[in-house]
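The same chain A turns up in both complexes below, where it pairs with chain B and then with chain C.
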Partner chain A sequence: MAIQIKNLSYTYLKKTPNEVEALHNVSLEIPENKITAIVGHTGSGKSTLIQTLNGLITPTSGTIEFKDFVITNKEKKNKRIKELRKHISIVFQFPEYQLFEETVEKDVAFGLKNYGFKENEAIEKAHEALAKVGIDESFYKRSPFELSGGEKRRVAIAGILAIDPEVLILDEPTAGLDPVGSKIILDLIFELNKNGKTIILVTHDMDIVLNHADHVIVINDGAIAFEGKPSRLFSDDVSNYSIEIPQLFKFCKLLESHNVKIDIDKIRTIDDLVDQLRSRHG
Partner chain B sequence: MDSLTFGRYAPYNTCVHRLDPRNKILMMVLLLVSIFLRVDTWSTALIFTGVIFLFLIILMIISKVSFIQLFKSMGAMWVFILFLLIIYIFIPNPTYDPTHIAFYIGTYGVNYDAFYQSGYIIFRLILMLMITMLLTSTTKPMDLTYAIEWYLTPLTLLKFPSHIVAMTLSIALRFIPTLLDETQRIMKAQASRGVDFNRGGLFKRIGALISLIIPLFVSAIGRSEELSNAMEARGYDPYGKRSRYRVLRFGWNDLLGFIIILAVFGGMLAAKIIDANFMKIDIIYLIFGAKPLF
Partner chain C sequence: MKSVEIKNLTYSYVDSTPVLKGVNLSVEEGEYVSIVGHNGCGKSTLCKLIIGLLVKDSGDIFVNGLELNKDNLQAIRKKVAIVFQNPDNQFIGATVEDDIAFSLENDNVPRDQMVSLVKEYATKVGMENFLTKEPGYLSGGQKQRVAIADSLVRHPDVLILDEATSMLDPSGKEEIHRLINKMREENPKLTIISITHDIEEAYGSDRIVLLHEGEIVLSCLPSELFNNTEIINKYNLSVPFVVELKKKCEELGYNVKDKNTVEELGEMIWQSK
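Our next item is the complex of A and B:
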């Protein structure tokens, strides 16, 4: 099921002199089993949007529909919010701050126990999730606080993965990681998507958008500025959205203008470009 | 979060805002003392606290302090008010005039004086609330700590680390909003893992709190380490001699404000001395020649 967002608005500190409208009349559909990237400069309303998606904040007006869940502005006392969060989960920016248990496996199992899994079952599922993010057995009994930054982040992501949500929202999952750490996380996200999860990725990195995303949403001043394929976005005039066009894309455009026939829509990585050039020139 | 906004600094530029924070602290102390000088004769008490009340209302209007915040914090006091009333009504007091019985509960006579006494205390507490609100919402927390440091300086002669205390205080004040943001963030992150902070039994709630408190402590300690490194990297030495960016100045307006407050304080002190030592003057009787009510 896709997530349907209709006329969503959100105002911070309503009815005070400091009120700020973070989202204004946003309507969009987040496609199922795709990687959707949400981009926009700081303060554009990206974080507000993802937080409304799993009921962490209640919209001022408008609705969000997913399966048989409907979020409206009267959702404060909804008992199904917790259930909704089992289907749509958010991995926040710097998720390593949410770690608190004595051991890695206990921390990952924490979310499962909140959803009523028995201890053994939760630990078992935690091990599965840890294996997915590439954390091996030697870490299970260690304290999460003695891990490196990248490892902590993977453990924190495993904590959400263990709940096995259908929609996974990640807020800048690679922020502050070294290139190797970033690659591990991005490959993991790609892998999860292949296995049928809907991914929503908030990012500033346009290379990630080009390499991985199927669908891009640009938010500017609380409204949708663009919605569509990454290649279409980069062909547009993006000067207003503080977006930097990836070098690879610029290079392909340059090739095209020199009459090299390539299919830009299908080029996501350097390897794709190399393959296309090879097949054309034997 | 709303309950925490009480007395938060409001960045206006009124004449009260511009006063020297050292002077403001001194004036606040004088006003607080004059409020808590107890006057026994009810009409004198009424007139003097009434004058202070009007004076504070005018100050609040001048300095654009939010009345809504005041009412909100008064609303939070109702349990306290109830408690005071119960104590004053049910604990017999020999100084009450036995002829002033309002009504009987069984055979126990409830005295008018009990209502008067508890009302007097509550009224003075509200005045106190107004004064502290006036101070904190017109003075930047940083300026307050500078002022406190200034008052502590004489203690350096006794090897008291007044600068270190002031620095600790200002850092603590600076990080309150940061930690509040952090709390919100961690709560949201844990809510994404199925923690429900609002529902569930006692043990569930304790578990939920642990998942909030431990990460909060970890990040606070991490932050303090980073901060101390950053301070050292910029050459901070608590025992070194430092110059100031913001120099506090005691100007003419400060003098004027101080004289006004001193007059109020003097008036209250005079009322207190006359009331306690010479005679129970009923001011209404004195001015209007009317007979005292009680």
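Our next item is the complex of A and C:
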């Protein structure tokens, strides 16, 4: 597995009257080279969890292990955090708000320079990353501020891709985009995963979970409420977690309840269902 | 009777980029129209022009036959209510009851009437148990329901929803969908204009207007739009699940004529061999 989380707890404002335990004794594994979705309603602890994964906040107790990195509650011992962030990177919600440079290529190259790359190397890698997100050279010298919302978001994602992390965490990557913009981002994520990146996706959109995720984790009140395949989650009673079962999945269940044989674990898109129905017809 | 009539409406930004290029639209009393289109197509601008938050370059807007101009602006704003996208940007009162009362205060409604009206409309949107709650204790869907109560309490003829569900989670969206249906049952004369990216919601409306680069390219029944593959592909629109399913069943060789719900299509499949 890529990341192993053991007995992780996190308390905000500890030892004050306002302390809140956001994560309580969470243990889980993030599988390597897969797309893992993290779902749960607002305030469930999703954001706290992803922030602990690359050391933005230090756990109150418990450990996070990734390769030979270990994050513990002893902040002073977590010396290799900067190096860890090269391997595990986060794209925050609305990342386009963090664009700041004069030109698109400079913005993408910024992170690389922080990791000691020389200017020309950084720009070269920035160009490669921009190509991956479908931003061509006509954009290189433009100000990031004159781009459309969807383009800005792709440039912001390129800034993280340029560092070439093994694990990419994206918080609500399609929020606020129209259907066309969303599809471009989702296709990109799918492509990155096919080329070997481990993806962690925080989302409210269960269609994305069904279509794209291999593994899903539900967080509820700071604890793991479910961990497993999307098809198993949607078969469970999800009424407490603000999860809307995708229509495609409901339809498959409806067919199953009338003795139509369906291999529900293999259904991600409507075309998968069509294929199974077709073979049923012989 | 025509509820909203728009003739040859144009609007440009200060730098003279055109946003609306001669829009003609007429909405009947009691009609529920969805306006769809990609970001930047001019949907929100159109709404803001109807309630006079922006001033048109040229063209005419009529609400219940009354022309939108300086003299009629206040009268028209009494007839038209709008609910915006962000639930946090439109909660004015300190509590739910204050918030609903705010619009009544502006209309000089006497206190005893106000008290009963606040209760009545909070009940209509299912928020009667939250009257003394502050916005911080409400979910996004609950705040939007309060915003709808704020609008309804003034008895508008036209309710505009400007992406009112787009920032809500699935259960919040569902709350608002149910409320829209309930409002229409209780007041069949209420005209609703909903700007939305939510294809499932649009599918449930009486008519869909597709706006593209400041022009109306199509205005028709939702089923007509979603069965028009050419338009769907050209404008890159998503399709409601039931429409997609029907199309796929047809490709599989089923006779899908007169099968219009997910249940009907399901039955057709499990009854076949």
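In this text, the second predicted complex is superposed on the first by the 277 of 282 C-alpha atoms of A that agree within 3 Å, B and C clash if a C-alpha of one lies under 4 Å from a C-alpha of the other, contacts with A are read in each partner's own complex, and residues count from 1 in each chain.
Following the convention adopted for this analysis, contacts are C-beta pairs under 8 Å (C-beta built on N, C-alpha and C of every residue); 3 or more make two chains touch, one makes a residue touch a chain.
Since the structure is predicted, the reported quantities are computational estimates derived from the model, not experimental observations.
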Simultaneous placement of chain C and chain B on chain A, clash or fit: fit
Touching partner for A:215 - first (chain B), second (chain C), both, neither: neither
Angular separation of chain B and chain C about chain A, which is computed from CA centres of the superposed model and rounded to the nearest 10 °: 80
Partner chain in contact with A:42 - chain B first, chain C second, else both or neither: second
Chain B versus chain C as contact partner of A:106, first or second or both or neither: neither
Contacts of A:268 with chain B and chain C, given as first, second, both or neither: neither
Which of chain B and chain C A:154 touches, first, second, both or neither: neither
Which superposed partner A:51 touches (first chain B, second chain C, both, neither): first
Greater chain A contact set [chain C / chain B]: C
First, second, both or neither for A:243, with chain B first and chain C second: second
Smallest distance from any CA atom of chain C to any CA atom of chain B, in Å, after fitting: 6
Doubly contacted chain A residues - partners chain C and chain B: none
Sites on chain A touched by chain B in the complex: 51, 54, 56, 82, 85-86, 89-92, 95, 97-100, 110-111, 114-115, 145, 159-160, 163
Chain C to chain A touching residues, read off their complex: 38-40, 169-171, 174, 197, 199, 236-238, 241, 244-245, 248, 251-253, 262-263, 266-267, 269-270
Residue ranges of chain A touching chain C (in the complex, touch as defined): 41-42, 148-149, 177-181, 204, 206, 242-244, 247-248, 250-251, 254-255, 258-260, 270-271, 273-274, 277-278, 281
Of chain B, residues touching chain A in the complex: 182, 185-186, 188-196, 210-211, 214-215, 218-219
